[in-house]
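In this document, chain identifiers A, B, C and D correspond to the written order of the chains, with residue numbering beginning at 1 in each.
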């Protein structure tokens, strides 16, 4: 599990006084991208021509987050196929489970004007993500 | 199916040139709330003391949306239990499927300071939503 | 004045129960882009290579907006220099002034990898925007 | 000057490949609220009944921010009247100025149902903010 810490910002709350549910997906993505950086990678590698659009995303909500709460997003690489990466996330505030989620991304070659061609996930991406997860789980 | 039409705004796109994936959840919510209004209801009924937090949300992405695309969100009430409402959504741009999603909300009584107590879904809410769906599906 | 109508969405509110202040800038932008469409233009013209980054933006807040409020954004082209366009906006809900704002954009040529070179505003852009404003001000 | 460090997240970029301009206002707010925390305060003090809506906000844009950029928001309390606080912000990435902004907030008593009554800024708020600024500017 890779660990990403974050604080709830004011603009992330809604009139119910809690974090708007759609923010959980952004929190999951922030943790994923922090994992990539820990692996010496970026989802936006200028010369690679690769992109990582989502195929699916889901979240199960257990407890709300509130303004100024500090919370932790834990993310692991739950699966890697030839063309996709599957992440599983747990969000918690201290010992309180906020919820759990999954996201699946595919690797594509960006062919300009928004056209995307599915391609294989580069093997070093998976290796580096796994190595970063090992280093950070100790 | 209730039908909600929307256009992609600039701030909803990301550097990949397409709508950021987390916006799909906001689009689904906008359609849901438009359905409530069509039913003569609001998820924020000042004197009811009721709220509708999410229990789960998911989306399967099929095609991207781009800046200024006009698209349609179709939402139906796929299930209603004593304490929850389940919505199913389809997002499309003309004949192109953008993706499908689900959201489950529970009914709670807001007890202040962010405390929420689960309560039964008022029966007239389900009746009115179904009537609005019938009127709008013709 | 070009006129753009909008309804406040749930995710645009914050825990104070009103629209988060930064949304006013998105509302202003939505109106500006609707004006461009009314002029037969788009700020994202695929083959033009032009972009319109902001130079300045400001807003004076007078009254809050709340969930499900319908409101109007009125935008006019307050000035056009060789390299910039200046918009002035008024946001109101019925007879209640929500606030007033300004935005200045410059015209640039996108030279890739995020490099931008200032260029002159195409004369037909100003003409078309003014024509659209005339048509819509009746 | 109080100093707040932040990294650009993917969802904050737009199709032009840079941070969407309206995010600068959220960055300014995040720095302001971090300053309040450094002063042992919160803009959301549950029992105070006070709120801090914006009266004005502006930003002058000099250079764009891009995905994964680390940047610094510096905020100072540029003025305090009986009823308002004025902040001035500078955003920079290393030695590159991204832009400068201002925000003015007034102190109100929240009277429920979104009604707000202007009240005087508590004197200890100004003292604590100034003390935090002194401690953090050394």
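What we mean here is this: a residue touches a chain if its C-beta (ideal position, glycine included) is under 8 Å from a C-beta of that chain, and two chains touch if they have at least 3 such contacts.
Computed from a predicted structure; not experimentally measured.
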Next on the checklist: By mean C-alpha position, what chain is farthest away from subunit A?
Outcome noted: C
Checklist outcome for this item: The chain pair with the larger count of contacting C-beta pairs, comparing A-B against B-C, is A-B
Next on the checklist: Taking the mean of the C-alpha atoms as each chain's centre, how many Å separate subunit B from subunit C?
Outcome noted: 27
Next on the checklist: Using mean CA coordinates as chain centres, what's the gap between subunit A and subunit B in Å?
Outcome noted: 23
Checklist entry - Could you say which residues in subunit C touch two or more other chains, in rising order? => result 10-11, 15, 17-18, 22, 26, 29, 44, 67
Checklist entry - Which positions of subunit D touch subunit B when the two form their complex? => result 10-11, 13-15, 17-18, 20, 22, 46, 67, 113
Next on the checklist: Taking the touch rule as given, give the residues of subunit A at its contact with subunit D in the complex, in rising order.
Outcome noted: 9-11, 26, 29-30, 33, 37, 42-44, 67-68
Checklist entry - Where on subunit A is subunit B touching in the complex? => result 15-18, 21-23, 25-26, 29, 44, 51, 53-61, 64, 66, 110, 114, 116
